[in-house]
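Below are the structure tokens for one structure; questions will follow.
Letters A, B and C mark the chains in the order given here, with residues in each chain numbered from 1 onward.
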């Protein structure tokens, strides 16, 4: 199947690590030009750009705090100015800051909502303006199965991930007539750096939840995201696809 | 599908209703008779010259000149909120005429018969359903068209 | 070739006739025409009704009127071409008499406009343009003619004041017509201060909706001469159409259907434009009368504004026009208008128009337009 991504221009937030990094590199492998943002991880972001360039595509690393409305607009403007267009937005940047609610601070709540939910709003909005004028575009928002169910100690994270789903569905309705697809990918446990912070007993619980007995690799998730960035999935919109090895059926 | 077209629609179906889908993708279409090549705008399914019903769509640039106009103060049902608004007849460079409202780049006060204008395809952004139309804008206004894969 | 003549005429009061049904309105005009002709019900072979059905709650109007006029089982049917329905009925009656099928035919033009609420009426009227490509952008009937006015001004320099002078003339004569809706003169100041409708038109550029009916009775030459000593002959008949959509007209400064219909009527009657002594034209809007002067050849193309400036369409001018008040003052019950015009011309040619009489009127003309010029009927009448 030819995904037809050659020559497309993509933005991947949180593209210097984990799922985002894998998506950025896979897109480049398929012939797309990719811009990634970084807040602190400039070395990793530049390394990704270097790999993209070595594949013969154009990469770009932009410093932008996803929770900043202005930064997001500026990054989209910068990418459009350089490449003349934008075809794909993958929102993936996200953080956790767990705690039971009676101990959760205001800062914990604001930070997670700010980066995860508001961050997706910031980028989705800036990209939507470009896509609706172009009368074409793809948005893939990476959520989580923990946005579809409750999770102990993650009221802020789950709220942000659930919010991303409702946001995406609303945007699917607003942007459909402009030939823009907006979909959600909801992974379960993925083998990334974020996982390293999870205690082993919780990792085992998660493994037991899956029916396939393994966790996703970033490439597993990237493959699904690439499908959703392609015109072969032009009839899919407003959809939420879990990719969790059966963790939450 | 033709009910997508216009601020208020009276015609839900037509043999040329794909006109509305093309307009949604940013393309203003007339029709060309496959039998005798007679081309006409607005589009029609049945050739007025040779009577053939075999037609194809042909894209128009939307460039034209103001033919006449009027600013409507007493509006019909469905248009009360827009009054007063100006409608104009535009003579298209490639032949044929169309009628539409002025868009944001034109003011009724500066309108003159014979001036160059640009007809621009529009999608109503403020409503959930699909509504398409076109407006009359200053000459030189541009817009983007959807890539070919979006048209079946 | 034998002629067709008018032997009886009748006209009801035009206005907001909530006192009567459409068949009761028709009967007012019918009774008058029958008494004027001095004939009996048994003398009538058929009737033709000119009316626009969409405005009535009653379906199939012709049948209801035929029953009320007590003309069953004589044939009847409806003719509808928007505002020219009345003239279409007359043309149809003429055709049936010429064909030898009928000898005496009653023509009723009738209409109730006010059974519907005003917004409904506006919406319906607006859809006499092209619904697929024009009405979708909020066109109205006045707006169409207003666009003609804009173009006429650009091309010929016709001013809005000149257009309003037409309204002033028609109100001047309407004030002397007891059948008219508006029987008051208007001033230029009042007209210029009236509400905007569709630029350049204000309220006084536009005719008003009204209810009403008129009736004429046509007969074959043989029967006419036997039954009446004041026959007026329908000697010239013309009819032509133009595209429904103004987008497909050759220009928007004239009505080609009117010019075409006039040519046919003049040829059949063996006259030229300057022979017409009195005319009734379709002044649904002020510019329509100005274009009619030009389309009918009363003046050169583009000189319509000058024509009214010089008062050539007043009694005493080169061609008196609408000296019964026209649509502007009478109101416009759309199916009735064509027959109302005919009533006036017949009166004038008989010498029965009293204070509004045009001296030596022996050749008269009606110019009745449907919609925005989709159909025009021009009839030329002669008094021997």
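Assorted remarks:
Everything below uses one rule, namely that a contact is a pair of C-beta atoms (placed from the backbone, for glycine too) under 8 Å apart; a residue touches a chain by one contact, two chains touch by 3 or more.
For clarity, every value in this text was computed on a predicted model and none was experimentally measured.
Ranked by how close its C-alpha mean sits to the mean of all protein C-alpha atoms, the top chain is B. Summarising the inter-chain layout, the chain whose CA centre lies farthest from the centre of subunit B is A. As a whole-number value, the distance joining the C-alpha centres of subunit A and subunit B reads 39 Å.
The mean-CA centres of subunit B and subunit C are about 35 angstrom from one another, to the nearest whole unit.
Annotation: 72 Å between the Cα-based centres of subunit A and subunit C. Chain contacts: subunit B has no residue touching two or more partner chains. Taken in their complex, subunit C has these residues touching subunit B: 119-120, 122-123, 126-127, 131-140, 142-143, 146-151, 154, 195-201, 245-248, 252. Residues of subunit B that touch subunit A in their complex: 24-26, 123, 125, 128, 130, 143-147, 149-150.
Looking at the complex, you find that subunit A touches subunit B at residues 4, 132-136, 173-174, 177-179, 231, 234. Subunit B meets subunit C in the complex at residues 2, 5-11, 14, 42, 67-79, 82, 84-87, 89, 96-101, 108, 112-114, 133.
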